[in-house]
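I have a structure here, written as structure tokens, and I will follow up with some questions on it.
Chain lettering (A, B, C, D and E) follows the sequence in which the chains are written, and residue indices restart at 1 in each chain.
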Amino acid sequence: MGYLGDSLVTAIELIFSFDREVQMTVWTSLYTSSTAIVIAPALGIPIGLWLALSRFRGRQLAISLLNTLMALPTVVIGLLLFGLFSRQGPLGPFGLLFTPWAMIAGQVVLATPIVANLVLAAVTGADNRIINTALTLGASQFQAALQLLREIRFGVMASIIAGFGRVVAEVGVAMMLGGNIRNSTRTMTTAIALETSKGEFSFGLALGIVLMTVALLVNLGLNILQQR
Amino acid sequence: MGYLGDSLVTAIELIFSFDREVQMTVWTSLYTSSTAIVIAPALGIPIGLWLALSRFRGRQLAISLLNTLMALPTVVIGLLLFGLFSRQGPLGPFGLLFTPWAMIAGQVVLATPIVANLVLAAVTGADNRIINTALTLGASQFQAALQLLREIRFGVMASIIAGFGRVVAEVGVAMMLGGNIRNSTRTMTTAIALETSKGEFSFGLALGIVLMTVALLVNLGLNILQQR
Amino acid sequence: ASEHLRLATTTSTENSGLLAYLLPPFEKANDCVVDVIAVGTGKAIKLGETGDVDVIMVHARSKEDKFVAQGYGVDRLDIMYNDFVVLGPDSDPAGVMGTKDAATAMAKIAASKSTFVSRGDDSGTHTREKQLWKKADVTPSGDWYLEAGRGMGEVIVMAGERQGYTLSDRGTYIAYSDKTPLKIAVEGDAGLFNPYGAIMVNPVKHPHVKVELAKKFLNFLVSDEAKKLITGFRKGGKQLFYIAE
Amino acid sequence: MDGRLSVNNLILRQGKTFSLKVSQLELLPRRIYALTGPNGAGKSTLLKLLAFLTVPQQGTIRISGCHGGLGAQRRQVTLVEQSPYLLDGTVADNLVYGLKLRSITGRERQQRIDSALQRVGLAGFAQRRSDELSGGETQRVALARALALQPKVLLLDEPTANFDNMSLAIFDELLRTLPDEGITVIFSTHDPSQPERLRGETIRIDNGRLLNTPHRVKTSGNLPRNEKRPWPEALNMYAR
Amino acid sequence: MDGRLSVNNLILRQGKTFSLKVSQLELLPRRIYALTGPNGAGKSTLLKLLAFLTVPQQGTIRISGCHGGLGAQRRQVTLVEQSPYLLDGTVADNLVYGLKLRSITGRERQQRIDSALQRVGLAGFAQRRSDELSGGETQRVALARALALQPKVLLLDEPTANFDNMSLAIFDELLRTLPDEGITVIFSTHDPSQPERLRGETIRIDNGRLLNTPHRVKTSGNLPRNEKRPWPEALNMYAR
């Protein structure tokens, strides 16, 4: 436990030193995660809505499959997309491997099932009069779905927050697809992993505290957004 | 993409070869995750319920903090608990480091905020007459809370499934606290990470497919449980 | 707008801090950036095979030769070497402290069934460990032999926690020396030398490889300037890398 | 004539035992119809069908003068459900929603909101939160929300169940004026005197079958056997 | 005398404008009380307080012969809400729930369920899913669920709002027998004739103030100013 105190001090120093490298890492973490968590709901919310509202044969199986995708390890996503982005892969010519775009793609794959599942759960638990109310007031199917989302926004926001937490905390995708390149694709988490592997435990933990601080700020922001 | 086909074949071979080492790894993954996902809801559900149902100053902040805990990287949890379990740490004498128990502890820390947050969201979205209905039919506060959980069981189950997905897919805690020891604390995910670091991508991916298969079976089981 | 060269290398070179010290002069002189992707030896070679990097720098001679033989790489150069050490706890249950011959020490460890933590990850270090066991005529197995499947630093920590022995490169040990109770038990054996090689990814197989820059980089690595930097690099007051003669 | 509702050969099965069958039903514009029948007769089920919210397993419902699909037809009709759902937000938010969807803005929007709330006796309630209303207030907000839309056909499912006597009087008054505004009203009720008071034509339903159709008497020929006939004899006359 | 409800100096503020104040109210065992008043008068609010579901900001509610805390008092009283929530599952599941909590098992449990369903005219509904009921059926299941518990005090919030005439008759009949079974009934209603029919004592409420208390006439002295008095004059007499 000895290094916990050190870490706190180091963390505070790190935050207020405005060290360029640390800032860069925070920024990489933030903008990859944020981009991913804008794209993931754009895919996950419609999937969740559709699975919740439609009835078809094999729906239960589809839900179980979606549940299973939440258990997709980040390394596996990394491996899969590596095959896609690698020079020999179909997207190889675009040279996306070891760039933030590859990381974002991996994080979208990671977060989408989470968002979809939790939206599915929120819709399933929602008042079943909402859709009909919107429809009879003149909404189209699409507008009614939007209104439904507005009514269950707490659940939708929870799905987005869970997805954000997942991508901002993940290492595997960032490592495999980003490559942990200094000043380029190094994120908070890959930096923590690196420092830990160097034996710089207290520095690693300090970076962890910085990451938590950033995440708290983001969540406070989202919370305020939700209040409105 | 070339290795994708290879991986599928290898995965099927692995599953049907009943290789003792692979079986052992699957088993370690399963029983640590399962134990963790029995303990985490025991902690997370009461926290989520309490945050959803009580009103106190600072509640919004508490919720934001809980949201933030979902962004806790597994390496950071590993570092924190390492300090606790290491020989010099307060729990050192128990010799838990590099045993499944340390992994389970880390996974509980990982899953509890997820379960708590999603239960909070489910309760917030629930019909607000449920508690009063139970109370007026003679339930104690505790029994009413239980009935509430029964009514929103889809949301509660989603929180558990999300937690299970998180712990079964995680690498950091299993690495840091389990040590990835062959035939002892090696899980599916640490094995995948190892094979990947060796450059054995297709074998890593094959293990990933095995893991997904196991997760699918678990989810189908939970789904059937939920149907009842 | 400066050009990027991608170098896949082992964690030991990156974690020791050598590259952060060695690369800037090259980057400055050639107006380029070297993107270092620090991974396990196996994965570094794999990234070379798939053509996702331009140069690899690793320490596993047999694998390097295979890499070149299969046509994935060209222009293999010996860059430098450091050495391995056998680490053990103060209590020294196998009684190997100060032994000069590594294989003998390994045999003693096995005979006394003292805990030994292996990298178990097919890394350069693991490959060397297996060679040593072979030389000692031991097939390690049993409760005392822990195959961890993790990075060097983590394995040092694990061996420390378990009061066991392990094989480490000197650089990582120095980085961890204040975090582990382990001491050097065996060092200086010629069988513990650890050469690093650099290989350019074959531009015939992977046309997008930045041949010009990669060649410049390889030339730099064996230049007098680099030699001076490498031998001058100190950590904790100790020299970590030596130039191959 | 626009706004005529025609139902043909309608069949809807629901649950294990219930089926609603309507071979033919014509509802003329600018009239008031009262739908009466015991609990579980199928009143709400029929109203949901007429609102195009459920799709029958068989048969058609058409609204004359409307040549669009389901969505277009739905826009002509508004249903106030038996236990209405108020959207999260204020009372005004609830009234605004449908107007927004119809791109009604500015002065007209405000006028419609004010007038609708006025008509249900809830002037001054615009800024109240929708989840902090009493039972009767909730029902009246739902009614105002529908009125503001000025639909061709207004479907009301037991709209006055939780109304106090004052509101009931207001409601009766209000309903009588709607046909003149070009609105057809179909409401279900358990109040035996309400159809008469409103000079509405009564459609009686039981066990999923219409016992009469408006404008002409019908034999109970298609009434299922074993029917319990719980409707008091005294009411066995056709209103108006 | 057991089961006497005493309210003292009760104050509950709700929302921005509404406050409920009851300085003194005594409800005697084995009687029927009708709570009447316009929408938003505070009927539901008062009933929730009497059911010990909300805690007043000031004042006390006590049930005589019960010496436990809130939980124990709550067990003596059961409220059927204006818009009741049925638990997920079957009708039987809903009736079983409270009985299970009271450890009533076996034959007695079955008897109580059967009898309660019978009494609300829903015999044969036990295995119906609770989310597949009509509005009136839902209300009647909620009533049966409360009856099965045989509480000392039964609170009913507009229990007959969605009832058909047949059920209404059954209900009136049922209610009249409850006092003999040792049950005090307090129900709210908008049906002006219902209190009389049931020979209940009327408690009139408006704007959160009681306009009378049972057993003795009260001046409207504590009636807030600006009161709209929407209650028809004709009803200004005290039932029984």
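Operating definition for what follows: a contact is a pair of C-beta atoms (placed from the backbone, for glycine too) under 8 Å apart; a residue touches a chain by one contact, two chains touch by 3 or more.
On a predicted model such as this, the values are computed, not experimentally measured, just so you know.
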Chains in simultaneous contact with chain B and chain C: A
Smallest number of contact steps required from chain A to reach chain E: 2
Pair of chains joined by the greatest number of C-beta pairs in contact: A-B
Mean-CA-position distance for chain B and chain A (Å): 17
Distance between chain centroids, defined by C-alpha means - chain C, chain E (Å): 81
Centroid distance [mean C-alpha coordinates] between chain E and chain D, Å: 29
Distance between the centres, which are taken as Cα means, of chain C and chain A, whole angstrom: 35
Multi-chain contact residues (two or more partners), chain D: 83
Junction residues of chain B - those touching two or more other chains: 127, 176, 196, 201
Where chain C touches two or more other chains at once, by residue number: 154
Chain-to-chain touches, reported pairwise for every pair that qualifies: A-B, A-C, A-D, B-C, B-E, D-E
For the chain D and chain E complex, residues of the former touching the latter: 14-15, 37-41, 43-44, 82-83, 128-129, 132-137, 140, 157-158, 161-168, 190, 192, 230-232, 235
Chain A-touching residues of chain C, taken from the complex the two chains share: 6, 11, 15, 20, 35-38, 50-52, 151, 153-154, 156-157, 172, 175-176, 179, 206, 208
Complex interface listing, chain E residues touching chain B: 48, 51, 53, 71, 74-75, 77-79, 81, 83-85, 87-88, 97-98, 101-102, 145-146, 149
In the complex with chain B, residue positions of chain C that touch it: 39-40, 42-47, 49, 120-123, 146-150, 154, 158, 160-162
Of chain A, residues touching chain D in the complex: 127, 129-130, 132-141, 143, 147, 150-151
